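Below you'll find a set of structures to go through.
Below, subunit A partners subunit B and then partners subunit C, in two separate complexes.
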Partner chain A sequence: MSNLPTKVYTATWSEHPVWKNLGLSLGIVALLLIYIPIFWLVLMSFTGDPLSGFPGNFTTKWYFSLGEHRNWLQPLFVSLAIASGVSLVSMVCATIVGRTVSRLRRKAMAVTVLAVTLLPLAIPGVIIGTALFLYFRVLLGFKMGVWSLCIGHFVWAFPFALLAVLVVALRFDPRLLDSAADLGAGPFERFWTIEFPLLKDGVIAGGLFAFLLSFNEIARSIYLKGRTETLPVYIWQQAASHSSHVVLIYSLNVLILIASTLLVGFAFRLLFGKNTQ
Partner chain B sequence: MGLSTLQPPTKINLKGIVIFLLSWSFFVLIPIAGLLLWSFLTMENFRPVWDLSLQAYREVFASGRWEVTARTLGIASLVTLLEIVLALPFALWLSKGTKNMGLKITVLAALTIPFFLSLSARTIVWRALLGLHGPVNYALMATGVIDGPLDWLLFSQFSVILGLIGPYFPTMVFPLYLSINLIDDEMLAASTDLGATPGFTFWHVILPLAFPGLGAGIIFTFVPMIGDSVVPTLLGGGHVILLSASVESLLRILNYSVAAALSVVMLSIMVGVILVVSLVSTKIITSKSSALPEVTP
Partner chain C sequence: MDFYDFCQNVQFISFYRLLLQNETSILFFMKNVLEIRGLNHAYGHVQVLRNINLSVTRGEFVSVLGSSGSGKSTLLRIIAGLELPTSVESLELEGLDVSHVPANHRNVSTVFQHYGLFPHLSVGKNVEYGLKVRKIPSRERRHTAEKLLNKVKLDGFYARGVNQLSGGQKQRVALARSLVLEPSILLLDEPLGALDEKLRIDMQVELLALQKELGMTFIYVTHSQEEALTMSDRILLMDQGEIIQEDTPVGLFDRPCNRFAAEFMGIENTIPAKVESCDKGYVTAVANETQLRGHWSGEEAPQPGDAVIVAFRAEKAVPFNEAQQDNNDSNQVSGTMLSRIYKGKYLDVSMSTDIGNITMRLWDDQIKLSKVSQIQWKTRHTIMLPAH
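What follows is the complex of A and B.
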């Protein structure tokens, strides 16, 4: 340390380059904690004996045996159906709420609407799950199933879709609508030809986020699923039960990871890609 | 066409949002508020009875559930603290330490993508890594750090804490990054020009201005962690029971009012944390900024 050439003004310990490196290295530690499991998951999916925890004997046989043991297909279709429905409804609702909130004249009203609609972001899934279960199942006496999963997932996914729409809705200049009206466009035409094309990217990105959040949801699904099985719940149960199919979970998860990553990348390009061009 | 028939064009139709908010209250707000009511009901023969009492709360405190609450809060606080230690220097580096835009965007994307990936998939792998015969134990033994495999690496508080750090790191970094990024570079330069040491600048300029971000980070990290069900189940292996598993077991034995009471206890703790965090951050911001003119030369 004493051999390092020291500049005149770096007299204090707090200016030592170690602090800059510290920030970077701590971030690398955290990123490793995030990405080592993902990397290891991919590695294990190609390993002959994944339960040992060591890579080796590389093979693609687990991917092929996914085609033989098709128990996961039914949960996959359920998850896809729910995620598509939730995503579609989230897009419509987020567009309605997003474009209205960004143009409300009274700030207090906008803040209240946002606080109420973004509330589920700050409430753990267990509490939402319990609340919805007690309300629908015990109080109102409905049987849980796909519909209750849809509601639970929507409550979780909608705030994110709304945030994505707000990113573009807050950039939208309402004077464009004034000009359109001056030129004789009706309310629907104004929305469809002027406003929607400008909001579209945020809406689609919000829809993709909603799809992924619903598709991967576990915390609320446990309470709301009734007898229905979604793919994450199926995988979770297989993993927790130490069943012999646990090896297939690695390859299945890798396929889901790849699909999810592609969708996220696409959503981000829609949301932020145009700014950097 | 007479001008009087023209509507002001930017006037927005409120019908859609009103319908949405009504259904939102029916599907979300009323059920959440209903938890409070449930928690005061008494259970008789697995059925709730309209007999308001504090019975459910007494049961929460009398049974082992209180320990579960304390354990959950302890683990969540510890992990939140670890996240601050990891994320604050990192956010500082990310917003002020590097000028490389491509690197910044890559890091931000790397932090965002895992959020949309299945948490159970990312958590299951720790089992293979940390197991008795797993690579971590093998590496430690091969290098002679330990003689026999460590049995506390998996299915212990350690593995739960380790498993929680990764998934809850981005929620701490993002608010911190956003708030530090908003600080004007010229303000930091001015602070240095006026003779402040970097430590002084950090303590009296950056930290007070980053405090809203820190508060938001604490809320977005601590709050969902309290209710996390995936990590403690998969990595606790039944040895580390946290609140979510406790609520789930209560619902399974149809003890609805105690489950509701436990949820209300959780909610109150969270509201408490949110209040304390926002109070402290407003106080720090006002006291620091009022103290600043006196100490700057």
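What follows is the complex of A and C.
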């Protein structure tokens, strides 16, 4: 006896092809919303009169005038210095915490440590900025400056660096350290010759993320900067004022955009590009 | 003292002088390379090793046999120094107490089942790793590594990445990486477990040849009785953290000391019985009014009335007819056939008897079997074991 279908197949509402098409079109709309403004920015940076609001009369003169008006150089160096410091400290801390978390035997313990270290991700930047300001400036009476910017940025950047390190730390096979010990390597040698080379990509990627997050940071910086000026704060101030340098912001932003895209691309390549294990 | 005696003395003295010249040569003549007394190990409240005593002679091939969870791998990790024992009376390697010495300061090396090769290093750099740790200059390192790769039949693999290797090749690299250090003992933790059947058998032969060639002491952990029987000079059978029996392959195979050992060594038929009498190593026992005889294989001789297990291998049991009867040195019982299972090389016939089910292994698959028949097996192929 054969089991032939008793009635003709018709698609139910959830099987209707419209959903697939709808998903695709919404996705495209979302991507356009993200990329059109960026594309517009790039376009305007080559426009003769960007403040008019319409592209045209294309030129590269704004890029050249960046070289003449050098007010942005000082904030750039401050931002680079802070970002480098934050990135370095984040790499070290993320390595320490990352390899600890991946070794904790009890899962509850690992989850707790992760929750505590990653929580700052969930706290809005303005709140952390205000909290640090009230604590250091108002309560302890310290003067804000580069050091407070570093602390604020570190709180922000560290969880991301940790996540990047965790990607590789959880992939790391701790039995390799048994092999190394068995072959005569002491604790430091085991870390330096076996574990670190295998974590290296994640650590560098984490460092790059931390660098970018610190470099772009503005919400916390407003509270913590004191008299120090970072590049994002400088750009924001210039854009908000009616200074004649506003037009330069377009070209400056495009340069930063290119540099950060390259950095992020490199970081992702390190993390997920080649699967060595 | 005549001239001959004089010569003998001179020889004797120079022999000792030679010995005393360096420490290692003295160590070489010491008999036991490993000596463990009263070793206990626990993870929290779980006792994983109980009162382990073990002596290993230089050049010996010792297998530690047991099922998973028997503690055999933990024992190996403790010998390697990867774990320090919870308590131990003495743990001596080459006559030196190492009970608190971590792995990197012990001259033993392990070949792991998971290979443990460093994925970011080439084959050659993996093999050299231990030498690099010991600060051997790089040219010498390379020379030694090439030599060892040659020994494990991996010539020309020096620059390869370890991820391009097959399982068998990885195992050879791991072996070379350990051998390069010339350890006092090579510890092998189920090294062939991840390999396929054919390769495993080839590697068994190769490992054994290598061990004989190098004269090195091997301690080999395995769950496969066939592997242990093929390769070892001596086998330690472990169960639940204890050494159940310590014997040569033949001894363990023919004379397991208790029911667990018997079943682990693949003795198919175990029948509970009660001791009737006992003389000169032979025990007569009764199972459901059937008298059975066999030799005692436990430790202390049993008393009449004690519960015992009568054990014999399926291939020793044969169907028989009245014509070829020889009652004196055989046990006999009649049974009804339950099933016959064709296994290719042989035929397993399961019989229901008064004393329980008995499996016969028949090598002649053309044999004609009647539904009801007599089963016979020699008393010298029957062993009697303590019931608990």
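Here, the second predicted complex is superposed on the first by the 262 of 277 C-alpha atoms of A that agree within 3 Å, B and C clash if a C-alpha of one lies under 4 Å from a C-alpha of the other, contacts with A are read in each partner's own complex, and residues count from 1 in each chain.
The working rule: a residue touches a chain if its C-beta (ideal position, glycine included) is under 8 Å from a C-beta of that chain, and two chains touch if they have at least 3 such contacts.
The shown structure was predicted, so the numbers you read here are calculated from the model rather than taken from an experiment.
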| item | value |
| --- | --- |
| First, second, both or neither for A:A181, with subunit B first and subunit C second | both |
| Which of subunit B and subunit C A:G145 touches, first, second, both or neither | neither |
| Touching partner for A:G48 - first (subunit B), second (subunit C), both, neither | neither |
| Touching partner for A:L119 - first (subunit B), second (subunit C), both, neither | first |
| Subunit B versus subunit C as contact partner of A:I38, first or second or both or neither | first |
| Partner chain(s) touched by A:I96 [first = subunit B, second = subunit C, both, neither] | first |
| First (subunit B), second (subunit C), both or neither touched by A:L198 | second |
| Of subunit C and subunit B, partner touching more subunit A residues | B |
| Which of subunit B and subunit C A:L212 touches, first, second, both or neither | first |
| Footprint overlap on subunit A, comparing subunit B with subunit C | 175, 178, 180-182, 276 |
| Of subunit B, residues touching subunit A in the complex | 6, 9-10, 12-14, 16-17, 20-21, 24, 27-32, 34-35, 38, 48, 85-87, 89-94, 97, 105, 107, 109-114, 116-126, 128-129, 131, 133-135, 138, 162, 165-167, 169-170, 173, 197-199, 202, 219-220, 223-224, 226-230, 233-234, 243-244, 247-248, 251, 256, 259-260, 263, 266-267, 270, 274 |
| Subunit A residues within the subunit C interface of the complex | 173, 175-176, 178-186, 189, 193-194, 197-198, 276-277 |
| Subunit A-touching residues of subunit C, taken from the complex the two chains share | 80-82, 102-105, 108-110, 112, 114, 116-120, 129-130, 133-134, 163, 177-178, 181 |
| Footprint of subunit B on subunit A - complex, ascending | 12-15, 19-20, 22-24, 26-27, 29-31, 33-38, 40-41, 44, 50-54, 93, 96-97, 99-101, 103-104, 113, 116-117, 119-128, 130-136, 138-139, 151, 154-155, 174-175, 177-178, 180-182, 187, 190, 209, 212-213, 216, 218-219, 222-223, 232, 235-236, 239-240, 249, 253, 256-257, 260-261, 263-265, 268, 276 |
